[in-house]
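For clarity, chains are labelled A, B and C in written order, and residue numbers in each chain start from 1.
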């Protein structure tokens, strides 16, 4: 029983990480109806920027905030420059552009920073909270930060005019134009927010898996599984999905399929959800227009 | 000076040309009706004014060129469009829909008083302010669409078949509100309508469109009194 | 096909046959890989270019073909040429089976599902319960095939000619398939699937078959690749393999048979040159080319060549 609890709790810990990246994926999907294959690399790149800032002597939290801001700008720029020309292009063109973004960010990072693994600091103390044996302070802290981000996003969307405008654009771009909303900039804002959320995720993940240009590969897959499971347009669902995927991965890995095949849990979940209930547990049903 | 001037407006959906060179104008404070059969190009005209279709030709609003501009920029000049199909944000609440109408305005206090005024025109909307707009009845959604447009405090209101699918009592109510808004707040109105009789009662001027061209124009009461025109073009 | 095209292809083939005897062994090996990739890219093109089903996971089928060959040769002692039909059959079935649930996924979602497949492949290949067969992380080493009948050529040259022969067969078969009724059906499903169904095309069957055939091509390429490289290991088949195939068909030209060849040349030789600059350079270049081709040359190199030839030959036809 104790071993099982351990698996569940450490599953929640890794789940918190998947949840934070899944939140970024959901943000982009909500506003643009696109699946951002490059989300992981954007988060990774932002984390490297944070590393540079910290290495240059900046304190952790100032570097954290500045990175989030820079990531926001990066997201806006990517949307305006790279994505906008293909917004209405056939799906294949969009997918190709996303993949191009993925590989360019990945290789640019490798070029600038080299492929040697680096450590990334955690703002949380090294000793586990209350001396517990299940989760490190960082893992608990990461979950906490993810929940804070979720609450901030909720407040933003529900209670601010800008958030309302973004919800409007996500539902009905044409009517949004008719009330004067600059739809193009709302999309860019969505990307900026998603990039910022991704940067937070990256900075929470890096202390655990170490900083390396390829650190996000598997995690992106888990994040996709989490986002799909929770509902690709539901931020709350993404977080719940993240925890669920983390726990499932650990439990199935320990008791059913062995630790080697954990990624296939993500694969199975993705295909399973897409086939059985594409809107996920908490998402709204989308009718594919014929 | 005419508030809205359109010269040689041509519009196409892809390769299909729908408007073949429309000319018309509206004066400030007037109500203008655009009449015609289905498929004549009435809706396209309104969409063209808002930059929602590809156009050629000249369109001026308050003297400034609006052809070729983005919808959201045209709207910010003071044109509110109530589209056919209403364009309600169905997953947002009634109140959120209304507040979105005022999205571009900066005068917060005036927005609140406008909202209160809308609720006095349409008490049913006030009852349902926190309900999802998609759950409102057809008539209520039409009221909501009109109100949302009013929240913009527009100089020009474009109505696309506002009577469509509404019970006659509601249509009368709606047209009364249009008259009130026009008289009390000097909002100009461009009305596309199938119900020619009611439109001509309300309007000052009317244009008749057939296959993308203006075939007749003049003061509304003249057209109303002209039996030949009524029978051949308006079917009554 | 006009006579001009026949002559052109014949000349190219003749040159191709002579090449291994005039260039170094290493160059011959690289050209063998170009042919291998060309077959793989033709496979992906059948699915994504002609039929519009986006696959970001074709590296998985390449891996299945490669491992089939390796296991058959190293664990079961099969001769190298027999591994090709076996790899093809396994991948045909695997592709068809993947294609069935894929029927319900459109565009971005299919891309996501295949992306997931591509990312998880290395882990699946390292699965320790299969280690006895797959060789685990270490992989499997394969012996180099000897030229038959004691021909006076070296193994690299033989392998090149063998691969060339297989490539010619695969391309001819593919060309026949795609220019006839099947090809038109695939394209109809891609562009106007409702109209296609209304015309009586069984799109579910065609789409799953497209997946199967496409996987078969890529699987056979994988087997040939494994034989050429003499080695299979899980980390050779990461998601980047699937992505490099995508680069190949975008640059070479979607829905184009010659595009497979142009794309293969691109993905084989660009890294060779770019590696000199930096380890990261090849993918940076691939990424930039992807963006460039989507915006500027959506028909790929094949499209550009076609336009060029039309302009040249169009003039002289007057």
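We take it that contacts are C-beta pairs under 8 Å (C-beta built on N, C-alpha and C of every residue); 3 or more make two chains touch, one makes a residue touch a chain.
Note that the structure is predicted; figures quoted are calculated from it, not measured.
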(message) Going only through chains that touch each other, how many steps at minimum separate chain B from chain C?
(response) 2
(request) Using the touch rule from the top, work out which pair, A-B or A-C, shares more C-beta pairs. (result) A-C
(request) Starting from the Cα centroid of chain A, hunt down the chain whose centroid lies farthest away. (result) B
(request) Can you check how far apart chain B and chain C are, centre to centre, with Cα atoms defining each centre and the answer in Å? (result) 57
(message) I'd like the Å distance between the centres of chain A and chain B, where a centre is the mean of that chain's Cα atoms.
(response) 43
(request) Go ahead and note the Å separation of the Cα centroids belonging to chain A and chain C. (result) 33
(message) Among all residues of chain B, which ones touch two or more of the remaining chains?
(response) none
(message) Show me the residue ranges of chain B that touch chain A in the complex, using the header's touch definition.
(response) 50, 52, 70-72, 75-76, 80-81, 83, 87-92, 96, 99-101, 103-104, 148, 152
(message) Using the touch definition from the top, list the residues of chain C that touch chain A in their complex.
(response) 48, 52, 54, 56, 101, 104-109, 111-113, 115-117, 119-120, 123-124, 126-129, 194, 239-240, 243, 246, 250, 254, 278-284, 286-288, 290-291, 294-295, 298
(message) Residue numbers of chain A touching chain B in their complex, please.
(response) 161, 164-165, 167-168, 171-172, 174-183, 284
(message) Touching residues of chain A toward chain C in the complex: what are they?
(response) 34-35, 37, 82, 85-86, 89, 91-97, 99-104, 106-111, 115, 217-218, 220-221, 224-225, 228, 258, 260-264, 266-267, 270-271, 274-275, 278, 288, 290
